[in-house]
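Shared between the two complexes below is subunit A, which pairs with subunit B and subunit C, respectively.
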Partner chain A sequence: MMFSPQAKRRWQRFKSLKRGYYSFYAICILIFVSLFAEIWVNNRPVIIHYNDTLYFPSYGDIIPGDTFGLGYQWETNYRDLKQVFDNNPDSGNWMLEALVPYNPFENHFIEGEFPPYAPSIEHRHYLGTDMAGRDILSRLVYGFRIAILFSLFLLTISYVIGITIGALMGFLGGGFDLIFQRIIEILSNVPILYIIMIVASIITPNFWTLALMLGAFSWMGLTWYMRTETYRENTREYVLAARSIGASNWRIMFKHILPNSVSILVTFFPFSVVSGITALTSLDYLGFGLPAPTPSWGELLQQGTSNLDYQWIAASAVIALTIVLTLVTFIGEAIREAFDPKKYSYFS
Partner chain B sequence: MSQHNLLTVSGLSKFFPVKKHSLFGDKQYLRAVDNVDLYIKPGETLGIVGESGCGKSTLAKTIARLYASSAGEVHFHGANLTKLSQKALRSIRPKIQYVFQDPYESLNPRHTVGSILQEPFIIHTQLSLQEREAKVKALLDTVGLPEHAINKYPHEFSGGQRQRIGIARAIALEPDLLICDEPVSALDVSVQSQIINLLNELQKKMNLAILFIAHDLAVVKHISDRISVMYLGSIVESADSDELFKRPRHPYTQLLLEAIPNPDPNAKRSERRITGELPSPINPPQGCRFSTRCPMVEPRCHSTRPPLIVTDGQDHQVACHYHQQSFENWESPWDY
Partner chain C sequence: MQSYFLQRLLLIIPTFIGITLLVFTLTRLVPGGPIERMLAEAQFSGAATSSSSNGFGAQSLSEDQLDQLKAYYGFDKPVIQSYFEWLLKILTLDLGESTRYGEPVWESIKDRLPISVFYGVTTMILTYLLCIPLGIVKAIKHGAPFDHISSAFIFISYAVPGYVIGIACIAYFAANLEWFPLGGFVSDEFEYLSTWEQIKDILNHAALPLIAYMSGSLAVMTFMMKNALMENLAADYVRTATAKGFSFKQAVSRHALRNSLIPLATHFGQNIGVILGGSFLIEKIFNIDGIGLLGYEALVERDYPVVMGILVISAVLYLIGNILSDLCVAWADPRIRFGERK
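Our next item is the complex of A and B:
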């Protein structure tokens, strides 16, 4: 599909708003990095050269210690292997470790000390470890990946429901509209947090059930806008024109009304991402979110606030959260500005 | 009679419900179109004039069933449009097409001219993309637009050019009836004549019947075979174009004709004016709708509503109790 000149102008305008544009780049990079986190942040090395064979352990099954002559069947302890390699520099074996050589689930214990460990370059815990000796940077990266995927999934659910119902309300009007208005009013007043707490005490929520549950209660906001937008577009003459050449309702909806309502959906996108991340973080903070060992910012925040003596835990989580939410908000601001109808009308 | 008519409208009404002032108040309706009869023969142009807010556009949209009617019938090609199912309606749509007033609003800003003009073919034919594009190019040629317009967007054109696009879309499927809802009132005067000439040309070429709506009598006279004058949702006078201009019988028509600016500085000007505002169509005046503004109003006008009656036999209908007196007193400000 070609982009309309209006869309191109909006993109140009978005690009000219530097703060939002750079934030957009930054977020894209963060997402990209976190999607391939196994390469940068992992206790498995990126490349191992052993007896003239190359191994890429980042992805895939575990490689047992036997493979590298360590004499055990379980997964290779790559830090030990590194020791072995370093002690025999002449063997020609080497490994390229990940930038942060810790996995988010791994409890790392340094001899003679108890966790949490403060940030240190020497131990390569760049942001320190949490109370259980797990590397904070590693948990932040993996936690970010889960949070952003979670909020995108949540957003998809709520957009699909919200757009469908909103568009139908605007398009059909009458009784359907009236009934769903009341349903939305009721749903909006349901205390979602309590519901999730109750459900979480019965079943352990996982990524999908949690997103579905939140999604079922978070589509209402968009519906109002979509309804109004559909109502408005539906009475405009180009829709009447389509109707007069005999276009079906289906066609009018998808070819005429929806494309002209996109601006609202796009404008809400970043703010929905923010609210998704915030929702997951706060649920995790309260302990009703994703189950225990999952890397999560909320859980980190919880550890940090209950152990304020180890400032690096809370500080890392708070700073990371602030940076990400600020970036997304900047993007949202720029999008809103770029889509401002006062600047670019249909007639310009 | 109706055998020879392409379109016959009888008793057509469109009422819009109005918000009640109190919970127990009577349900009120805005009578936008009130009991309208008209007909169009194949290849003929019927002009409808009336001031803003008299229900011309609503009438047109109700005929095309862009609005559902409240009462009455619209017979077209042997089918009653007001009663057709959505599916049957969609299949008859190509034969009755609509040109909108505002060429800025009636074209989807997100579609190229090519895709706007292809849409009728996509919906109603099984043509391939190449065939459709060939059709679109032929259409653009017919309405006098360059071929490269195909990849442009509506906002890249002037008002007149956009109206040409709107007309091209309307004639794409070779309709029998074209409803033009003030197609030129949003355009410059110089462009107006081009569009009207284009419509005239198309009419000859395709044997189109046109329902032409305007508030400008001069424009309507130029294009119409017959003219109906509308006031407050009803037709007050209907006649052949020349007949209406030469021998108007309804005081409202006369006042409209007198109000046309005359370029001759020596021409005598009528002292009569239409005063006041159009009454509310929610509470229309009792009796004759025009009684509140009529210069020759009599007590009877306030109590009894005059029916639309045939006067001169030549298809000249008028709704006025005193049309005879009114006609005798009238002096044309024009030399025809």
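Our next item is the complex of A and C:
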């Protein structure tokens, strides 16, 4: 795929805005790392060397304890296995544990103590545990993956609806425009939380249904923009030219107007990601989001605020949210500037 | 121009009906309404006195009683019919009675109104007081270290939702350092304090929520101010002003600044809705008994008349706020003519 010179210029300009460019890298790395979270953050080790065979338990089915001579059919308790290995250093068996050796659903209990456990290097709960003894860092990583994928999916839904309706409003105008203006006004006034509570009382929302519901109520912002843009492009000469050689409305809209107005939508992209993450987090915070025990930042926030004595819970969630949302906002700011390099001629 | 605003005002009516009809219909579809709740309560408390014979606790009320209840809440009629009955009542400014407390909805709203208005107005005033000078300095010092550093902070406050900032504040300043109370609007012993102490008490309680409230609009308005002023600084008329012999300061304060305030004025109308609605999340965290929290609790408890009452007020304010925004623009910049074809 070839990029237009304009796109290249914008990319160059984006690269020159260091704050946004580095944030872009940081977010890409975070997403990449979180996509393979099973390797870094898991109670299953990355590699096990047992009786001259290598095992890679991170992905795939459970490996029963029998495999390692522990004498049971259910999943191996790798922490016990590690003990066994450590006690027999001569056996040549070893394992490479994950960096954070806890999975997000696992309630870890330390003997003689009750959760939550404060952050400690010794127990390898680097950010401590939540009220149920689940490792916070682990839940943050998996929660981030869910939040970012959720927000990308939500964004796709609302962009598809928003662009289509906005373009149609601008292109058709008249009654269609007027009716949809009202519909948008109505929809943006309906308390979205209410709709979600209603649906939640009928079905348990999952990742997809929750995103679809939110998407159905978050496409309106984009529509206004697309509408004006289509209105404007519609009066341009190239549209007239296309029409005069007999192009259909459909073709004019999708082949001519849309590519010309859609590129700038990139500037909305990061801000939509931010609002997607924010929406999911607040729903989870209120308890109307993804069902427990899904790892979630909102749920951590909730635990943190109701247990202010255990400061690491609220602190981890707030700091994680702040870092991620700020990085994405920095990207958005840089993209916006790259697209619209206003050189203010200074009065001096 | 007048006909444009008249048209806008008239268009409020279909939109208003659309919003309320949609939510009203939804309240009918939801399981767990007031009758279901009552049944559950009756089952819970009155199992012994139950006259039902079929053994199901949920049927502890007889059919007659159920019908009476349905009639009482207006659930016995079709949705459209009871919607219009409800609408007629609204037109006489009767918002109905809360199914939870039995008191008129308007009374509950009126009780909480001063708190919400206090936070809304204070937030707005403080935001303007902070944003305008900050925006001016940032515009004049564009590209300087101060601009970059303040931008970074403003972006953080923009990116992180207000309630999360609230959580951070409450966890650190209230729970950890104990500088501020954990929540509420005033202390328990408020009535016994002297006037001066009362003011101090309110401010003490208000400090953290105000930070949370302000964080959202702060970024938008500061950048609005900055960008508008920078655009105007580059305009020809500012050059003319300096050519006449104005100093930089005079050119900014007498010419550029005035024109730069227009976008902020347009923002003013949208603030009206926020004044009342606030953010229920912030109110929930700081335990402030405002209208936002009332609405949220009503939603959770399925207290439909309260939900509808708040919806009516917030929808009207939102719609009027939009028109007010336009009016502000037209007033601030006489060149703008709405509704006229170019």
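By our rule, the second predicted complex is superposed on the first by the 337 of 348 C-alpha atoms of A that agree within 3 Å, B and C clash if a C-alpha of one lies under 4 Å from a C-alpha of the other, contacts with A are read in each partner's own complex, and residues count from 1 in each chain.
Assume contacts are C-beta pairs under 8 Å (C-beta built on N, C-alpha and C of every residue); 3 or more make two chains touch, one makes a residue touch a chain.
Quick caveat, the model's predicted, so the values are computed rather than measured.
Asker: Considering only touches as defined above, state whether A:F85 meets subunit B (first), subunit C (second), both or neither.
Answerer: Neither partner.
Asker: Could you tell me if A:F180 is touching subunit B, subunit C, both of them or neither one (first, second, both, neither)?
Answerer: neither
Asker: Should A:W219 be classified as contacting the first partner (subunit B), the second (subunit C), both, or neither?
Answerer: After superposing on A, A:W219 lies clear of both subunit B and subunit C.
Asker: Examine A:Y102 and indicate which partner it touches, taking first as subunit B and second as subunit C; both and neither are also allowed.
Answerer: Once the two structures are laid over each other on A, A:Y102 reaches no partner at all.
Asker: Look at A:A315 in the shared chain and tell me whether it touches subunit B only, subunit C only, both, or neither; answer first, second, both or neither.
Answerer: It touches subunit C, and subunit B stays clear.
Asker: I'd like to know which partner A:F330 touches here: subunit B for first, subunit C for second, both or neither.
Answerer: In the superposition, A:F330 contacts subunit C only.
Asker: For A:Y238, decide between first (touching subunit B), second (touching subunit C), both and neither.
Answerer: Only subunit B; A:Y238 stays clear of subunit C.
Asker: Return first, second, both or neither, reflecting whether A:F14 touches subunit B, subunit C, both chains, or no partner chain.
Answerer: Neither partner.
Asker: Identify which of subunit B and subunit C touches the larger number of residues of subunit A.
Answerer: Partner touching more subunit A residues in the overlay: C.
Asker: Subunit A residues touched by both subunit B and subunit C?
Answerer: 346-347
Asker: Can you check the complex and tell me which residues of subunit B touch subunit A?
Answerer: Checking each residue of subunit B against subunit A gives 61, 64, 66, 89-91, 93-94, 97-98, 100-102, 104-110, 112, 119-120, 123-124, 153, 155-156, 166, 169, 172-173.
Asker: Which residues of subunit A touch subunit B in the complex?
Answerer: 2, 4-6, 236-238, 240-248, 251, 255-256, 259-260, 346-348
Asker: Where on subunit C does subunit A make contact in their complex?
Answerer: Within the complex, subunit C touches subunit A at residues 11, 14-15, 18-19, 22-23, 26, 29-32, 142, 152, 155-156, 158-161, 163-164, 167-168, 170-171, 174-176, 182, 230-231, 233-234, 238-239, 242, 248, 251, 281, 285, 295-296, 299-300, 307, 311, 314-315, 318-319.
Asker: Which of the residues in subunit A come into contact with subunit C in the complex?
Answerer: Residues 19, 182-183, 185-186, 189-191, 193-195, 197-198, 201-202, 274, 278, 281-282, 285-286, 301, 304-305, 308-309, 311, 314-315, 318, 321-322, 325-326, 328-330, 333, 342, 344-347.
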